[in-house]
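The two complexes that follow have chain A in common; it is paired with chain B in the first and with chain C in the second.
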Partner chain A sequence: MNAVREKRSTSRLGRLGWLVAAGIALAPLMALAQTQIYDSKTGKWVNYDKKKARQLYARNKQLPEAFQRQIVPFRTAEAPGTIIIDGNQHFLYLVQPGGQAIRYGIGVGREGFGWAGMVRVGRKAENPTWTPPPEMVARDPHAAKWAAGMPGGRPDNPLGPRAMYLFVGDSDTIYRIHGTIEPWTIGLDVSSGCIRLNNEDVIDLYDRVDVGAKVIVLMQGAALYKGV
Partner chain B sequence: MDARGIAFGWLTLAAAGMVAGCQSSPAPQDMARTSLGTAPADLQLMCATAAAVPSGVDSSRILPTSSSQLDATNYRVDLDAAGSKFTCVIDSSGSVKSIGPATAAATPAAPVEAG
Partner chain C sequence: MKRRASNFLVSTVLASVLAAAGAQAADLVISAPNWPSGQATANILKIGIEKTLGLAVDVKPMGTMNAFVGLEKGTVDVQPEIWRPNFDDLVRKYVDEKGAVTLAGKSVAAWQGLCATPSAARTIKSIGDLGDPEKTKVLDTDGDGKGEMWIGAATWLSTGIERVRAKSYGYGENMTLVEAEEDVAMAAVDAAIATDQPMVFYCYAPHHVFQLHELTRLEEPAHDAAKWKLAPASDPLWIEKSSATTAWDAAHFQIGYSSALTEKRPDVANFLEHADFTAEEVTQMSYALGVERQEPLEFARKWVEQNEARVEGWAKP
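Moving on to the complex of A and B:
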């Protein structure tokens, strides 16, 4: 598996004609999106950026409450077992019976997905191999060491302990749901386009999700039209 | 003011503080948001389901493409129904207020001619 290299390949995504492509002009506007968390001590909403996230994680050794795994009300006609990814809010929902969902905090792409669509979990892997893209190999000696692929199971494997591969029909897309070695990045726009969960959460999700599960990806940057 | 009056006053203030605290602090599941004010995911999907009838397209082929908060309780959700654009207004309780084909004015992606 060559997850990162595949992420950089946009031609494959272009062939997935059923996806709703975002306008090219949306990407620069993504910078306008800002995650905010509620500070119970001050009673105010505060911007949640990389610096803040690192500070809080170093202090609390856990994510802010909003990004921790939890059961939430979720009104939907989608069947239990369906995954819904909301990149704007940095949440992944796993639909449960009784109008509920398990909500996980996620980290998503720096530039947004650029698409929305319905895909499925086509494959799952424990301890997935990570293969750095050529450009990373060229500039990073550590990555170069793993040009042929870093075995899964290592504590420094960026994909973490589990990966779920998103497919359209029988075709692998460029996107995956996987773990991370940077747990403080949950709630931020940081990845190369994949969906990352902290490792405990990705193991929990992996165990609950079957191959073939429906995955609905909502458009990231979805409120860019506001006020126009 | 006697002792009972003072005690009552403090209890009243404490109770008011507790109520105010309850009103100002969101529930744990609501303690994160985006500054963009997008609609919650379940409301977006409810709009997609509701668009099946007016669009004549199966709801599994209808996707939310953008959303925004209109006011304290209402959201607008733009939808793509197999290529046709629809706009839905839904409130935070999940009640669909309106749904129909997107008008030119409501389709901001359309090019605007200067002058």
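Moving on to the complex of A and C:
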């Protein structure tokens, strides 16, 4: 039905979350799962990796159909306005009335940065300032240049045009739902634990979501249980 | 504007006075637990008693533990859903030992076990299938080759027992058992169903998830008390020391009320003894409040209206 799936045989990070959730601490296991997409030209499922994603995006100028914004049937007890993030399948659902949701394609955290749990949108910002985390400043000279913060509105600002800051109670987590300057990375595990949407989608979501909205990050896959 | 403001003030004061008067005038207090069907039942009992017996009834939100204390002290008269065996300790103390609380004779059947989404149920039909790594690898969402399964919230007593069962049946070897809040797990079920993904998880009924989704309960050997050897949960090693290789015992819940009512308000005690709900009705209540977000009191008014003859029957000796 959906032209995207997870290849289950490939090792993937995410284990830490399950184990922490189960109250057991282990060192992170480093590996990435492989998303696959359906290539209608060849009629085959193909690995959807960074290279393939970039090729397809260059060719089609848009994301694979599964990752494009769409209204889908979605039955849930959660109230309209709730965000449900399925990092394993790279979908973000915004619950709508009448058993439906708006589904957006997302890029999620690479190894060591995933998480899962219940949070809320604590703050929203247009053209947010990007402040790279210290560990990124240490390893990336480009990030180091902007250690004090890159102003919002620049075309190279990795947060894109909108950001929603995820809070536990009144405390900011370091996680955000934001845009991207690399739209082909939607559907991949590439960000620093944040949830990224393409810029059109993040603007659409931003306009629909209120501060205080409940956000549920599911347990599966890339999502690690951080204890939030 | 000023006039409107002063009117508002007058109405607010009036409302407070009336509310205070209402609180004082209540003949009966029903505690309402924080789960949807319990809230619905509390309000159905309130409307039913007000309508048939002409009493003023208050519904007060509180936890089961506090409700039992209130039932003994006389500050609470009714608790609408006392789950067994979950609250057996409280029942032993307040019903069997102190005699302060009476359990109504009618009960609603409940159960707990493991459920599968349609996609999972195609390959996993029984508890035995969970022991086959070839079958459970479809439940793998983190790529380590082992399937994951939600077994409950960390605070639930049942979650530890699910660990015991996984260990005793043996599927704990080839599956990763996950604890998380129920909201996270239920949203995971919603997302799995929306994309036809396989998922197996701890489930209990009545629950609105069965109204939302088509789910299959995994088959397992019927409960056998002789095969449930649970060490006391106060022992830090109780999970390792326990064993359970059959299904859970059937559960049920019933209305509890202050034993003093039998003397003080025998008509109320009689009403509560007759009040009966089916498991299907309880699921519908849970769905109406939990999913459709109907307001409990409004839902109860409609319910009583639609079941008028039956509710009147509860009031008859």
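Here is the rule we go by: the second predicted complex is superposed on the first by the 176 of 228 C-alpha atoms of A that agree within 3 Å, B and C clash if a C-alpha of one lies under 4 Å from a C-alpha of the other, contacts with A are read in each partner's own complex, and residues count from 1 in each chain.
FYI, contacts are C-beta pairs under 8 Å (C-beta built on N, C-alpha and C of every residue); 3 or more make two chains touch, one makes a residue touch a chain.
All figures in this text were calculated on a predicted structure; none of them were measured in a lab.
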item	value
Touching partner for A:R196 - first (chain B), second (chain C), both, neither	neither
Touching partner for A:L218 - first (chain B), second (chain C), both, neither	both
Which of chain B and chain C A:H178 touches, first, second, both or neither	neither
Which of chain B and chain C A:F91 touches, first, second, both or neither	both
Chain B versus chain C as contact partner of A:T76, first or second or both or neither	both
Touched partner set for A:M118, first chain B, second chain C, both or neither	both
Common interface positions of chain A, toward chain B and toward chain C	23, 32-33, 72-78, 84, 86, 88-89, 91, 93, 101, 116-118, 216, 218-219, 221, 225
Chain C to chain A touching residues, read off their complex	137-138, 140-145, 148, 150, 154, 176-181, 183-188, 190-191, 193-197, 208-209, 212-213, 290-291, 293
Contact footprint of chain B on chain A as seen in their complex	20, 23, 32-38, 40, 43, 45, 47-48, 64-67, 70, 72-78, 84, 86, 88-91, 93, 101, 103, 105, 116-118, 187, 216, 218-219, 221-228
Residues of chain B that touch chain A when the two form their complex	24-26, 28-46, 49, 59-60, 63-69, 78, 80, 94, 108-109
Sites on chain A touched by chain C in the complex	1-2, 6, 8-15, 17-19, 21-23, 29, 31-33, 72-79, 84, 86, 88-89, 91, 93, 101, 116-118, 216-221, 225
